[in-house]
């Protein structure tokens, strides 16, 4: 199935800005509809207006991927944390054990929630959402935290189930 | 944010065909872009051409939701299994413990893989994919099994994190 | 081994009141002594005078059976919760994830204790018993909660180990 | 509530044969009906005719109690294994980690099944029962293995929930 | 490899004081360097000056070994707890479930920390160390608790991996 | 407590060869006896003659540390794997999920055993040791695998319990 013009130009933009097309996109490209649906969903989640910064969203991505031990996502989003934060050690800490990272209390609450969602979503109760409000998140922010954490619980499994491998370029970024 | 014409007509179609708009769609409707992205992703996954039947996809949905003990998804997709299979007990068995269900070997392998993906995705290896090929699934089928199982690992968490509640109508369907 | 007169009349009473003899009783009936011992134990537990209502005892039965994912007991006692409470959704919630059920604080404490007993009995300490006293349970009530929760940890395993199947009639009750 | 004549004489027999009344019986004695139901159930299970020897039943009791880390039952039934087997080390091994015990293959299969029933009863399938038949157990034997393993999953929890303590006498027996 | 004079005299001292050479030392004796390194490390840990008494260190050894269900260490150090405390039941309780032991609050905090270190070391945070300070431990004491708990997490695994068996003499000590 | 001449020169050698004194050594240096015992034990384990190569021992170190999610050890030994193997991606794979690493069957069996020892040592049986012999390991090799895997189960916990932090230099090595 040939790529649509929109997807062809999306791949070109990836090459231009990142120097590569992420392998997850190449994987979905066997079917243009699936690729478009995935790209639209991903771009809204990670790039649209939100109370969460792009770094916040990448921190959640890595914390969730650490629970699920997803090689693809830890590599790609670990690199993103290093790049966006300018702190190579922070990327490593999020991969290895987020409790050793020097997170601000608000970020810590956000990550605790994302990890609970990943490890044992059925245990979540109103008190857990309230803990996020208590450190300053709005209900819309909570939606966004939940949406990002949920998304990586999907992509981690997609990557593991189909043995996706990260582009080589991620390994050396911002070390 | 007002709904686009496409989404307004999608909701009307839900009312007409199901007699309700599923609460998950109402939840996303606070933002038309997010709703469109979710609906497009969902519809490709559950309704597009695939080697998996609609019932297969619903069986995966319930088996994954049972791992994550998601009230919304067990209720909505448990009803779908009862409706599509015509077997009320099968819906209950998938909710409670899929090992007691009288699944064909091919379905059983599919569900075992979806459950492994949900419980411990990092343990998946080539041998697990090969087990699916051995009962007759193609690599494209494996992609679809993985995509459906991954998706419900996302929506289960979204529902639990935001306390989504299923429409009342699901409870009495096809008992 | 033929049934005693007492057991023959017990089975007749089941037929008259429930329209069936529960399959668990038919399973024990291969040996009249075992059936009598089981029936006496069960009837004292679920029907004798207690600070716990019959619905309370059924709520515990379902919560414990959900931990152990016992198809027989979730089906039979899920039906009992629907019948006794008049709330079909409550039966489903207890089966799927009791945290979403709208339980009163006293019932919630009771179920939390029963679930802890089922998941990790060795972790119980005086503080857990005290939490029950704090919401108004007496020490005799705590005995009864413990006895009911313990009993279903037995029967869940008996049903799973011997592949007991629930009577078909339970599925449609009080939907 | 005063004890019935039957229970009074049962306690006297315990004193005579064991030199003590086991504390579990004293615990149930607050209510004669409950004591009678428990004693009848227990005596059928542990003393009635069965393809399992008394030592087999005690081995199951200890293996199950080790999963649930029940101080009362490990102490009382660990003593019983030492007494009945004449092997003090066997009692200790069953308490600490049954995999180090030098069990015959048939006993090992029996204990593996009892431990699976205790740890994860919902995973039991026909293949697990077949494994017992393959080493020579009949279906009636399987019932008895299941019944004993289920029973200790009940009493372990009853003891932990109500903080029952074993009689001091058990500690020094058959060391 | 022949034993050095130091190790030969160490073994002689074991025979003289304990009536045996512990099997763990015999296991390491295939290589004098490894035996010397192990003995030096062990003796510093268990016998050197410390804010922890010898009984404290043995209590930690048993609590850790119970998490790891190590037959060798539970037998040898369970005996040491019985001997050093003069309380046979305490040794058994630490083996079976330390929550039933009548520990002082300071000892309980120490054991809780050692068990957390054994079960889930990555979850330890400053609050856990602070809880030890709050009951009166110095930072040097915390080092010693950590060192002993860590050591038995090593030896438990060494014993299980190589199937070390405890000397028969331990079983009857101080019953 | 001042360092002995031996330890002073050991630290100097570290500076010379690694460009730093590893923080774990600085941590033990509060007490010269403890430092000497630790250094002797470590050096025998990681540097002495063995059927395992230095890279093998580092692979075990990282695999064990990944189970225990130890930031210090994953950082220090992840760097060692990158340096010794010349494969930056291999170091990352061992940290994130060793199942994605392209290990030879013999190495894979070695790591599987080390991970089993870390996750559930009480489950090890003769069949697990035999699996190592079947791929060509001698009983002496098995001792060394066990010793290295056990050691990192100790140091992981020591590092987590006392919040040891890796030297900054490790992060950039051999990327």
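A few comments on the model shown:
By letter and in written order, the chains are A, B, C, D, E and F; residue numbering begins at 1 in each of them.
What we mean here is this: contacts are C-beta pairs under 8 Å (C-beta built on N, C-alpha and C of every residue); 3 or more make two chains touch, one makes a residue touch a chain.
In this text the structure is predicted, and so the values were computed from the model without any measurement.
Path length between subunit B and subunit C in the chain contact graph, taken as the least number of steps between touching chains: 1. Under the contact definition stated at the top, the chains bordering both subunit C and subunit D are B, E. Between subunit E and subunit F, two chains of identical sequence, the interface residue sets overlap for the most part, with shared numbers making up over half of the total.
For this pair, subunit A with subunit D, the centres built from the Cα atoms lie 51 Å apart. If each chain is reduced to the centroid of its CA atoms, subunit B and subunit D end up 43 Å from each other.
Residue positions of subunit A touching 2 or more other chains, listed in rising order: 69-70, 97, 122, 163.
If the chains shown are joined wherever they touch, the resulting network has some other arrangement, not a path, ring, star or complete graph. Of all possible chain pairs, the ones that touch are A-B, A-C, A-E, A-F, B-C, B-D, B-F, C-D, C-E, D-E, D-F, E-F. If you check the complex, the residues on subunit A that touch subunit B are 30, 33-34, 36-38, 40-41, 44, 48, 68-70, 113, 117-118, 121-122, 124, 126, 129, 140, 142-143, 145-147, 149-151, 153-158, 160-163. Those residues of subunit D that touch subunit E in the complex are listed here as 69-71, 74-75, 88-89, 92-93, 95-97, 100, 163, 165, 168, 171-172, 175. For subunit C in complex with subunit E, the touching residues are 122-125.
By the touch criterion given at the top, residues 97, 99 of subunit F touch subunit B in their complex.
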